[in-house]
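Each remark here refers to the structure printed beneath this line.
Which chain is which? They are A, B, C, D and E, in the order written, and residues in each are numbered from 1.
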Amino acid sequence: MAEIRIKGVAKDFGTFTALHDVDLTIADREFMVLLGASGCGKTTLLRIIAGLETATKGEVWIGDRRVDQLPPRERGIAMVFQNYAVFPHLTVFENIAFGLRMKRMPQAEVTRRVTRTAELMHIEQLLKRYSGQLSGGQRQRVAVARALAMEPEVILMDEPLSNLDALLRLEMRAELKGVLAGSNTTTIYVTHDQVEAMSLADRISVMNGGKIVQAAGPVEVYRNPAARFVGSFIGNPPMNFLSASPAGAGQWQVGGQVFAGPEAPAAEFAIRPEDLHPSDTGLPAEVRVVEPLGPHTLVTATVAGQPFRAVIDSTLVPRPGDVLHLAPMADRIRWFNPETQKAL
Amino acid sequence: EALFWSTQAKPVEETQAMREQVLAGFEGGVDYQGMDEGPWLTRIQAEMQAGSGTIAVLGGLHGDLSGLGEGLMDLSAIDTSVIGDAMLELGRLGTDQQLYVPWMQATYLMAANREALQYLPEGADLNALTYDQLIAWAAAVHEATGERRFGFPAGPQGLRHRFFQGFLLPAYTGSTVTEFRSEAAVEAWGVFAELWSHTTPASTNYSFMQEPLLTGDVWIAFDHVARLADAFNQRPDDFVAFPAPAGPEGRAYMPVLAGLAVMNTAPDAEQSMALVNYMLQPETQIATLRATNFFPVMPVDMPDDMPASVQAFAPAIATMTGASDALPALLPMGLGELGGQFSQIYTDTFEQIILAGRPVEATLDAQAEVLRALMVQANAPCWAPDEPSDGPCPVN
Amino acid sequence: MPRALPYLLLLPATLFLVVFFLYPFVNVAWDSVTRGGEMTLANYQRMASHWKFPTAFWNTLLLAGIVVPIQLAMALTMASIVTKLQKGRSTLLYIFAIPLGISDLAAGLIWLAIFEQSGFLNSMLYGLGVIERPILFLSYQNTWVILLAIVLAEVWRATAIMMVILVAGMGLIPKEYGEAAEVFGASRWQRFTRVTLPMLKPSLQTALILRVILAFEVFAVVVALGGTQFPVLMSETYQWQFTMQDRGVAAAYAMVILGISVAFTLVILRLLHVPKEARI
Amino acid sequence: MTEAGTQDAPPAPDRVRRSGRWVFVTGVGLLVAWVLVPIWLLLANALSAPAEVTAFPRSIIPSFDTASLEFFFGFRGVLDALWNSIQVASVTMIVAIGLGAPAGYALSRFDFPGKEAFRFLVIMTRAFPLPLLALPLAVMFIRTGLDDTILGLALVHATLALPFAVLITFSLFSGIPVELEEAAWTLGCTRLQAVIKVVLPLAAPGIAASAVFAFVISWNEVFAAAVLTIENRTLTAFLLQSLDVSPLHLKFAGGAALVIPALLFIFAVRKYLFAMWGIANR
Amino acid sequence: MAEIRIKGVAKDFGTFTALHDVDLTIADREFMVLLGASGCGKTTLLRIIAGLETATKGEVWIGDRRVDQLPPRERGIAMVFQNYAVFPHLTVFENIAFGLRMKRMPQAEVTRRVTRTAELMHIEQLLKRYSGQLSGGQRQRVAVARALAMEPEVILMDEPLSNLDALLRLEMRAELKGVLAGSNTTTIYVTHDQVEAMSLADRISVMNGGKIVQAAGPVEVYRNPAARFVGSFIGNPPMNFLSASPAGAGQWQVGGQVFAGPEAPAAEFAIRPEDLHPSDTGLPAEVRVVEPLGPHTLVTATVAGQPFRAVIDSTLVPRPGDVLHLAPMADRIRWFNPETQKAL
């Protein structure tokens, strides 16, 4: 049982507060993805869970043990460091075997596990090299292999695939998912790749400025952001926000169009760029930049003077200066409170 | 300033006194440097090899100077008429030139804590002790206090070899070299071994006996006067000085002679001569006595206000040298730079017999061979108390 | 040009050493194989046949063999403590480094004052009523106490040299590796042996080489505490050079010291070799 | 094989921590005492009256009699000697580091034929007893006029300190990622500039350690100083030369008088002995 | 003028050959993106251009100077290292100012440039920190800022945005594009993010196993891969390949359907997953896994026993086991020589 409970954890670095009262529970065997802007405290949170950093306050529980005071090695975790921390004085083999040796595992088992995880990470032909002889991506895979080989109760991964090419990342992602799903491991996984987040996560926690803003299933987070930040952060390109002016009870005027919305003193209109389709009655968007993205085209425009992006089928090729009418899908429109920035 | 390069008066207080009380009066000033033998010698050798130098005057013991023969200037021009012939002879180093002139002299004495006097064996006269009485005394102190309280400078800087060369062996054999492995010598070492059994084992760390005397670790001691002085000066009332003991052949003692020499490379020979001359003035000699506890090499009138040590030593020395059984043993002559190895033979013998507990005869036999080889190599004739010899001094 | 660069960098130091070390060294080395101007091994024979030589030789090795491992352990401990500490580390480092500033002569003096018959140790024991009269620790009869005293004094005096080198080396080990080891289940001790020590190899190498070499040249402290009773190679060298004024034999001794130093250096270099690929 | 997790209940973490902490603090305390007590004894002796120094049992609290120390500082020429010592030590430091650091850098960054030979030259320098070298050196110095100069002595001391500088900087430079240097090159640094701007600051502890060694070696060196300087005596040669044959109380006072400046120097550079920045590759 | 010409450059590490005879010309002011699998030699190539590594053979020209033998600083380059190499002993400000100080730029100008690039990289509030006090992404941005501040002739960036979150990356990408377009800088940019590659690149070089396989404009590389590897490597998910059997002159049978193709002894059929649309006459795909990716759905299936992926509109939600008929767009079908793996 390796449920992780984080209760009111805060972390100050001198006067700078990196984490504010974080509360989070990760169920046993759950795959939790941590998403958040650069510098929002993801690594810090992982390090506190791992025991490498002492929280200024709060409690960390793994299973039914309170682990705050325990040294890292007693917490039953393994970790992939954002900067790999592959031991330069050990070969790849010995790096992967490091944790196993610490457990005094018999040599045969060590070799078996190392070989298996190395194959999983496609580094089996590098086992005799030292970290100085590896490329960035190879080093990163060693770091992942080292953690996987431990078969720990809890695995913390800090952007473990960031330096891999797309193809390999796709593969690794699938391998990781496979391996971890078949194990008893609870995973916390930091990534900046939203596709990765979506495809791997049981749940996604979105962090902002040292706080957890939303923790929910991937679709939920994508479709129903709990706060404006989540919408603006997730999705590539992110959600569009347009100011709305009241136009009667539950009616809001946005970019010259009127939409049904919540009954509230003020509200902000939001729609994802891909939830728009060209239509004569849509929002009038003045095209600024057109970027072909392979199958689709990203259009950057302004609606009522506010920036606005749409992803449309690449069959349609507007030109800068054109006015494109884009109709939002009604069930995809979201509304936010402009003051609290929470969803309405 | 003339550089006075000396192995004597190195303890800081003595150096200070040399500079301020002895040499201050020399015109042009003197830079007095008291050195360990190592640097002292190295510098001299360097100047000799380089063929130019800064040292004006060398000061050193007979042993220090005897190895420098060829590099030294003939000082016959200096007026040495008041100095005894025996000493001048030593200064010729076996040549017909005055390679150094006697500067000051001293000897070795015994010293005791007054506390120890109560254990003096009955009938023993402090001023006419024999080795047997000394042993009995040391034994009595040992027994009474439970501590071995005879002290002997057997440390690395200690002058232990002089004790064997000039005191113990001559007292028993009447000889330093020739009778090195005689039966009498075996007896002498036996006596010393007995004395050693009442000697504090810390002796192997002692270079100077004044400190253990002051701390009370040692009650009866043998050492060079200059190395006892501090005890007498600090606590004049606690200690007594007395002559070395006598053996069957007499009360052997060895003088210590320090000399002044000038190197061929001296920067200003005239100034050097002047300084040597200055050192031989009676007033300078008295000042030197005050500073170093070394006695003048000429007859002088002593003022009354001499330091406690001098006041204690002068009568003891007089008693020793004037004793009816006095047996002076001279410093080695004609050994040149082999003087160090000569002394080492005595030290080695001591260490092997006494400290390492090796058999006496065998050790003496082995060392005698070394000694013989050395004398041959140096081609040095015997000196007192050994009978004069033609050719190298024989070892029987 | 790039190929010449290392040589250019070494050039000043090399020239310097050639002039100020190699030239006099060759002189002395020449002394060791000549006697009266003729090539001969007589000096070495003389040295080897002197009754004190084996004692001095083994004493030197024994002393180094005891002192260096203790110092290594202590230096590593001190360096780890200092590195680990957050507050007060520079004060502590300073305290640990103090003996560095003390010459071996002064160190001998201090420890003599402790072990002497009327020294501090006896005073303390006496004051505590443990003993009734001072014990003579440094007697020629119990060489092992002398050895112990020398070991203590040497450890006290010269551990700082290693410590400072190791502290500097430890400071350069990226923290992340220790953290990784910690996460992967290494205890404090394992972290030390599996991460810190291997990554510290270059510094360890330097510290050990310097320390071992200095240990073979140990002299002043030994003489202060052991008197004539604990001959070591260096004190014999001195004796022959200055007391007996036999430069040839002294030079032979010096060559022996050099020889064992080089031999041990080779061993250390071999043991603490870091393969090129495994460097940071 | 071993089942982690099914062991007996671990001891309460708090207790473990606290007892661990206690052991740690005690250990540090012992080490501190181990270093400081002998120093204290030296100072206590230096501050005692002559009679106290030879008394038994000795007191570890001195009477703060400064006569012995004053005797030393009252010596004619002490200040000159002090100044000479400082000069010699400084020049030694500069020469040793100035020549040693480039060599250490070359050893750490390049592989080239002759590397081992150089290493051996360096080690030999340190492994050969100086007193024997003093004679040929002195001859050379007298012939070239370096004799009795600050520079001459400093050069000899630098010979002693150079091996330290080379080996220490070598090991320290080896610990600094080449990549940081490479980054500096791409930003417009010459090799030298990169070393000065990037490597040296990071290697500051090692440089400081070398400096301390160079200083201390020079400061405490007696033999060469005694042989090679006459007028320009260093403090050590001036005071310590004859210390072993001086009366006890003066031995201690002289010892203390010499130790104090060295301690001040180490105090001054102590903070550089630390790596102030953690080095992370990424 | 900073055209970069790489002629026959090869690099061996011991027995391992990291680069085989690479020839590549990058025009003055061009923005060249380097894409390739992890460990294929991208970093090595950059390091050779920068002068940090010596090529085993070959020549490197920048402008009309042959720079092989020149030290890095004389090559007029700046570089962002894959692992940042931020100086730990300098503040962020001094890190960014480092290169400028080397040029003896006046203090005012230094401050101006540092402030500007720091703002560009959104690290202006971190200027006083040391690298140990930064998060991974912040450190990476410092490295980028340090290179940009140099305003060099050539800038080499090794995965400069890999540790940034999607939103920030999007922004940074735009900023970089803006800054570099307005300058005289020739850029070589290694990335694993294909969207980034597409949107930034003037041209893309695709590397594989130490060789350059294709160097062409983004759309060209995407649409007309010169080799099977390029197709399989670019695109997320990558191109689908199906074996084809000849069915008359220029006719090939694939998965039970017949398509017009090249006249060749043998050929392999290829189509991008997004160039398929459900249609009754399409290729019969047996659905294995269905992954919702926000606006679209990724279907992993098999066609005639061969793996096959399709990205379809998320309105369609097939279930594993279903057979979906997917028709390829005729003009998007590509053919490869199964032997040489080159495009036909």
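Following the convention adopted for this analysis, a residue touches a chain if its C-beta (ideal position, glycine included) is under 8 Å from a C-beta of that chain, and two chains touch if they have at least 3 such contacts.
Since this is a predicted model, take the numbers as computed values, not measurements.
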{"item": "Contact-graph separation of chain C and chain D, given in steps at minimum", "value": "1"}
{"item": "Most centrally placed chain, judged by C-alpha centres", "value": "D"}
{"item": "Gap in Å, rounded to a whole number, between the CA centres of chain D and chain B", "value": "40"}
{"item": "Length of the line joining the C-alpha centres of chain A and chain D, rounded to whole Å", "value": "53"}
{"item": "Chain A and chain E: spacing of chain centres that average the CA atoms, whole Å", "value": "22"}
{"item": "Distance between the centres, which are taken as Cα means, of chain E and chain B, whole angstrom", "value": "92"}
{"item": "Multi-partner residues of chain C (each touching 2 or more other chains)", "value": "118, 134, 174, 176, 199, 238, 241-242, 274, 279-280"}
{"item": "Residues of chain E engaged with two or more neighbouring chains", "value": "83, 136"}
{"item": "Chain D residues counted as touching two or more neighbouring chains", "value": "54-56, 131, 135, 177, 191, 202, 222, 243-244, 276, 278-282"}
{"item": "Residue ranges of chain D in contact with chain B within the complex", "value": "50-51, 54-56, 71-72, 75-76, 131, 134-135, 138-139, 141-143, 147-148, 222-223, 226-227, 230-231, 239, 241-248, 250, 254"}
{"item": "List of chain A residues in touch with chain E within their complex", "value": "13, 35-39, 42-44, 82-83, 133-138, 141, 158-159, 162-170, 192-195, 198-199, 219, 222, 232-238, 272, 274-275, 291-295, 311"}
{"item": "Contacting residues of chain A [partner chain C, same complex]", "value": "50-52, 71-73, 77-79, 81, 83, 85, 87-90, 98-99, 102-103, 129-130, 132-133, 146, 150"}
{"item": "Chain A-facing residues of chain C, complex", "value": "174, 176-177, 179-187, 190, 194-195, 198-199, 201, 274-275, 277-280"}
{"item": "Partner chain C, residues of chain B touching it in the complex", "value": "37-38, 41-42, 67, 146-147, 154-156, 200-206, 212, 215-217, 337-341, 343-344, 347-348, 351-352, 355"}
